[in-house]
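Got some structures for you, see below.
Each of the next two complexes has chain A plus one other chain: chain B in the first, chain C in the second.
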Partner chain A sequence: MRGFYAFIKKEFLEQIRTFRLWILLAVAVLFGMMSPLMAKLMPEILSSMNMEGMVIQIPEPTVYDAYTQFFKNFTQMGTLVILLIFGGTLSGELSKGTLINLLAKGLPRRTVLLSKYVAAVIIWTVAYALAFVTNYGYTVYLFPETDVKNLFFSLFCLWIFVCFVISLIMLSSTIAPGSFGGLILSAGALVVMLMVSIIPKAEKFNPITLASVNVALLEGTKSVSGLTLTVSITILLILGSLIASILIFEKKKL
Partner chain B sequence: MEILELKNVSKRFGTLEVINDLSFSVPEHSVFGFIGKNGAGKTTTMKMILGFLAADQGEIRVLGEKVSYGNTKTNRHIGYLPDVPEFYGYMSPREYLRLCGEVSGLNKDRIVDRTNELLPLVGLDGVNRRIRSFSRGMKQRLGIAQALLGEPKLLICDEPTSALDPVGRKEILDILSLAKARTTIIFSTHILSDVERICDSIGMLHQGKLVVQGSVTEIKNSYSTDVIRLEVGAECQTDQISKELKQMNFISRIVINENKIDIQMTNAEQYGMNILAYFVEKKIPVLKYELLEPSLENVFLEVVG
Partner chain C sequence: MENMDSLMQYLPFLIPLVILQLALMLAALVHLLKHNKYRFGNRVLWVIVVAVFGFVGPILYFTVGRSEE
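Coming up: the complex of A and B.
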């Protein structure tokens, strides 16, 4: 257990001193702030533009527009930022050889992998919470009506999806060689999932659904019970990825 | 007691046989020089001892415990200095040693004590810069500090001096000489003068096998042939001399370098006379007659070359 804490501490120090934590937090605050602001201001920006006689009818923005922006930002740019920040966490160390000294001291490989995963999930959770709090503050301030359905479940769906992405990074890093191997392979896996998501029948089984139903949940057009299978599958996939990555990592040539 | 024991270890990469039925053992409190050409399999052997590579055949024991591939418990006895140690550049040496200490399960006070002992030993006391800005020699010295942190029973150093300038090399060798009192050291290298300076016993790896093994003096005396170096006048026909000398059956090899003639032979004390007699007879002016000290280099070239 001491190795686990020591390594998590090292992970945090690394994220802080290489400025990655600050970048992630800055992006989180930016998304949180920008989403409701853009929703509110977009109609005014559009109307202020000279459209040469064209008239664009835009309905008064609602709180749903704010959340649509928030979830869109996080599922697209957010996932990308997560991939870039954590994509090299294991691949980089493996290709540089920085783990050799510590593994030669008897630090178990599974400890390395799990503490990297836990550290990444904690950092993601903090960033996500910060983004949501900022977003919530601005939304309450800018919109008169802020009642939405299933808010926490909707947030949870996206959270667990990104946790899944991080576990995918871990698995990819143990499989693919090179410092960008983990990043490229997990990005590839996500693209495949995105392509599969076009098939309606596969929707229930595809973790990517958890990053696309968020607004529908808020509007009440999707129900919580309809997603329990997807959530369960995603949790199983996270566990599966972690176990597989540990098994592969333990037998990896260094 | 044997600290390290390899029995019939073999390793191949694809069709390339790197280690072939390698067996040797290292007794406690000795410095074992592991010598071989580049690509002879020194690093591969060390990685197998650390469980980073799987041996195809044979077994390796550290303090009697069997090494298993992947996670091996035997690593708790071992300190390892890789050929090019890599660190987290954003840490200071002290922070890095603390991480190493925590990872190896030392308690807080012990880590502080060991750090205070080791940093002055490796000449990094008071260096609070980030490791990113370190020179190669400094990284190598920090590498020794991290390897010694847990007071390992066995210290494995993979070519610790190969990439360093003469000053850096001397520093590393001095540190290893100090460490020798407390631990057993395996030290791979192709720099033979380093071996002669600190090793008690050596093993020469060639074509996947240990072709020579024993104490340094023993090997020098039993393996190396004697060499007589003669310096003759500049106007002498060295080629002609060489040709005629080769007629003598006790001479194994002659190397000519300008007006210096190195004559390798079986017993210089006995046959030296014959050579001098030849020079006297031919009236060749000899400026210098010297019996060269046996060196590991000659053994190495003889065995490997």
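Coming up: the complex of A and C.
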């Protein structure tokens, strides 16, 4: 356990030293501010580009438009940023050989992997919370009506999805070689899942669903109970990826 | 003109957004001008990327462009 805490601390220091923590926090606040503003200003921007004699009727933006922007930013750009920030944590150290000394001194490999995962999840959680608080503050000021359904469950769905993405990065990093191996393989896996999500029957079994139903949950057109299976599958996949990556990592030649 | 006025009304909301974007860009520019080595590409390329692509540029620089040394 002592090794675990020490390694988590090292991870945090590393993320701070490489500016990655600050970048992620800045992007989180940026998304939080940008999303409601974009939703609110979109009609103004569109009408300022209006051509002579053409009138575009745009309905008054609502709080749902703000959350649509928020979740769209996070599922698209956010996932990409997460991949870039955490994609190299294990792959990079493996290809540079900085872990060899620590492992030779008796630090178990599973401790390295798990503490890297836990550190990444903590950082992601802090960034996500920061983004939501900023987003909420802006939304309350910009929109008169801010009541939505299932807000926390909807946020939780995206949170657990990104936790799954991070576990995917860990697994990919133990499989693929090179300092960008983990990044490329996990991005590839996400693309495959995105293609599978076109099939309606696979929806319930695909973790990517958790990153696409968020606004439907807020509107109440999707129910919480309809997603328990998807959430359970995602949690199982997280555990599965972590166990698989530990097993592969234990056998890997460094 | 009417549109400009309604945009002005959101200025207090826009200012922090712009400041944060500029801060990210400046941090990346300062770092890349102080360092000579990049994982790939050269200084000109990274200055363009950081200056042109909004907040995506600095993210790319700090995650894949910045040298590990």
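Just so it is clear, the second predicted complex is superposed on the first by the 252 of 254 C-alpha atoms of A that agree within 3 Å, B and C clash if a C-alpha of one lies under 4 Å from a C-alpha of the other, contacts with A are read in each partner's own complex, and residues count from 1 in each chain.
Just so it is clear, a contact is a pair of C-beta atoms (placed from the backbone, for glycine too) under 8 Å apart; a residue touches a chain by one contact, two chains touch by 3 or more.
This one's a predicted model, so the numbers in the text were calculated from it and none came from an experiment.
> Aligned on chain A, chain B and chain C: do they clash or fit?
Partners fit side by side after overlay.
> Quick one: is A:248 in contact with chain B, with chain C, with both, or with neither? Answer first, second, both or neither.
It touches nothing on chain B or chain C.
> Which partner does A:189 contact after superposing on A: first (chain B), second (chain C), both, neither?
It touches nothing on chain B or chain C.
> Report for A:88: first if it touches chain B alone, second if chain C alone, otherwise both or neither.
In the superposition, A:88 touches chain C alone.
> By the touch definition at the top of the document, which applies to A:122: first (chain B), second (chain C), both, or neither?
After superposition on chain A, A:122 lies in contact with neither partner.
> With the two structures laid over each other on chain A, which partner does A:235 touch: chain B (first), chain C (second), both, or neither?
A:235: touches no partner chain.
> Touch check for A:130: first (chain B), second (chain C), both, or neither?
It touches nothing on chain B or chain C.
> Under the stated touch criterion, which partner chain does A:96 make contact with: chain B (first), chain C (second), both, or neither?
both
> Is A:37 contacted by the first partner chain B, the second partner chain C, both or neither?
second
> To make sure I follow: the centres are taken over C-alpha atoms, the vertex is chain A, the ends are chain B and chain C. What is that angle to the nearest 10 degrees?
After superposition on chain A, the angle is 80 degrees.
> Where does A:18 make contact in the superposed view: on chain B (first), on chain C (second), on both, or on neither?
Both partners, chain B and chain C.
> Just to confirm the value: shortest Cα separation between chain B and chain C in the superposed three-chain model, in whole Å.
Across the overlay, chain B reaches chain C at a minimum of 5 Å between C-alpha atoms.
> Can you pull the chain A residues that chain B and chain C both touch?
18, 96
> What does chain B use to touch chain A in their complex?
Going through chain B, the ones touching chain A are 47, 50, 52-54, 69-73, 75-76, 78-80, 82, 84-88, 90-91, 95, 99-100, 102-105, 143, 146-147, 150.
> Spell out the residues on chain C that touch chain A in their complex, using ranges where they run on.
Residue list for chain C touching chain A: 3, 6-7, 10, 13-14, 16-17, 20-21, 23-24, 27, 31, 55-56, 58-60, 62-64, 66, 68.
> List the residues on chain A that touch chain C in their complex, please.
18-20, 22-23, 26-27, 29-30, 33-34, 37, 40-41, 44, 47-48, 77, 81, 84-85, 87-88, 92, 96, 138, 141-142, 180
> In their complex, what parts of chain A are in touch with chain B?
2-3, 5-7, 9-10, 13-14, 17-18, 96-98, 100-110, 250-251, 253-254
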